[in-house]
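Chain lettering (A, B, C, D, E and F) follows the sequence in which the chains are written, and residue indices restart at 1 in each chain.
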């Protein structure tokens, strides 16, 4: 399963809800305002990540917000092509709205 | 209208009713999906559990009360309604407060059920 | 692979429509097929031909039209959602068509993945 | 007392427009003046005359028009926000007028309170 | 100051942000989806209320959501007329969006 | 365009840029307000602090980078920009990361400043 989250964890509960339902082998992709959760200043994100779940962030959205240099270790940045590849690679996709 | 393929659809409801149209228009998708002979289930988690509360009265707010539609789902053979226990508890909502029969699942069971779907649409 | 896309928010106010369009472009560039883009909820507002954004900004509606014209992507606007919001044949942009919610369910059945963009 | 009102979201998708209209009705019934309702961001979508909601639901656009006609409330749509979203004279409902953002600032200055309804 | 909050505290951070800036003598009004914070099941709301701040809830929105019977003690229900009176009574108004 | 009344206006920015249009269209209101000879201040709290980050590059996202406008505010005599310290700290953002000069205030000071306004508009 690929989980997509698009809101800041400071503003909404969607990332928390997503991480509470993600299982080993799943991937989580942060897009739009959710990219703020991928910065070194947001250590809580990685702390809440279940074991075996990989975390990705959309680099165009990270760059737009001036956060490209702040990416935390352990999170993989992808472009839109990488977003497409993630959707194709995972058997299912769920957007947390 | 069957396409000859049967997929497992789950509609995930995470939002309270009336503050936004997602619950109402989401329900319209659910009703349409019934015509396609798919395996349809509905999940109510987080504030989505408020959609199922008894006694909704929208007269003073001037909006349309669509909650009776949840009772009509059975007539469309949509009978798999799952509510997350942790979401009920965090809101002080009891199963007896709900206007339809549902199956209450723990978060872990809900996550496992989501993981068995082909299509997950969240509103 | 065949992708179905669902867009739930209107243009400019939220990024959903931008993200969906970028995803479609990248999917097509990678050799995938975008089987349909379904516009629901406020997403129907992506289909008005009357938008006229500032010159130095992207034109979201025209971008969708170009996707339909250049790659044959089926852009479907939900009729019920559109009536609630004032999108009708009269102000419908090129490349879009108005149809029922069944087109969304059908897309979810026929596509290998349905990717949802919303608020 | 004179109230100015700001509406930031479109009809149906979110309750902001409903809440704003109910507030206006109650304010007028209580003998106050609604000096202006300014529609900004997606709020401009409240002003399209093309909406046609289901019979058993409220007609949000017509409700605003009635407020203007019955109580002389000034309904102002921001021109820049409206151009981004396809609201122009051609599809403008009765009772609304299109003008600049200065009308919002002026309303905030002239009214005793500015009440904001949004997402 | 009258603070207006319209989102559920389970979904958004606006109520928390509002209560962190409310001061003695202010009033807070919960409307739309924020009314869920006024129920007995949401004890956290009252616990976070600063001293001297009074809390109101819009009853039409409480009724719409089937929560009229769940109102917590210490919170005053008002109708739209009461909403208008609160705006008029407080010298300023701030919507937390 | 002065109305002969001078009010204290505060625009409160609580949202990150680009995910929604509020930051951009909010800034348009701020610029217009400069023509009315009012006492205008801007507050950046919660995710609003992200609006002021240096190095925003929207090319790949295909959106318009409006962050240079914050630098232009001074030319409109809008010089009161307040950023909440707790919001910066919770996000690991330093004052040096911001693209304009601001005054950093503690939450208590920010609340006091809000309490002195005539008009508060949040985006």
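Following the convention adopted for this analysis, contacts are C-beta pairs under 8 Å (C-beta built on N, C-alpha and C of every residue); 3 or more make two chains touch, one makes a residue touch a chain.
Since we're looking at a predicted model, the values are computed, not measured.
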Return the chains common to the contact lists of chain A and chain C.
B, F
What chains, if any, are shared contacts of chain A and chain F?
C, E
Count the C-beta pairs in contact for E-F and for D-E, then report the pair with the higher count.
D-E
If I average the CA coordinates per chain, which chain comes out farthest from chain D?
A
Of the other chains, whose C-alpha centre is the longest way from the centre of chain F?
B
Gap in Å, rounded to a whole number, between the CA centres of chain D and chain A:
38
Note: chain F sits from chain B at a C-alpha centroid distance in Å of 40
How many angstrom lie between the centres of chain C and chain F, each centre taken as the mean Cα position?
33
Any idea how many Å lie between the Cα centroids of chain B and chain C?
25
Two or more other chains in contact with one residue: find those residues in chain D.
8, 12-13, 15, 22, 41, 80, 114, 116, 118
So which bits of chain A are touching at least two other chains?
6, 10-11, 13, 32-33, 60, 79, 92-93, 95, 97
Please list all residues of chain B that touch 2 or more other chains.
14, 18-22, 46, 61-63, 119, 122
Hey, which chains are touching each other here?
A-B, A-C, A-E, A-F, B-C, B-D, B-E, C-D, C-F, D-E, D-F, E-F
Touching residues of chain B toward chain A in the complex: what are they?
12, 14, 22, 45-46, 107, 110-112, 114-115, 117-120, 122-123
Residue ranges of chain D touching chain F (in the complex, touch as defined)
6, 8, 40-41, 80-81, 100-102, 104-106, 108-110, 114, 116, 118
In their shared complex, at which residues does chain C touch chain D?
10-13, 41-42, 45, 48-54, 57, 61, 80, 83-88, 90-91
List the residues on chain E that touch chain D in their complex, please.
4, 6, 31-33, 60-61, 79-81, 83-85, 87-88, 92-93, 95, 97
Chain B-touching residues of chain E, taken from the complex the two chains share:
6-8, 10-11, 32-33, 36, 39-42, 59-61, 63-70, 79
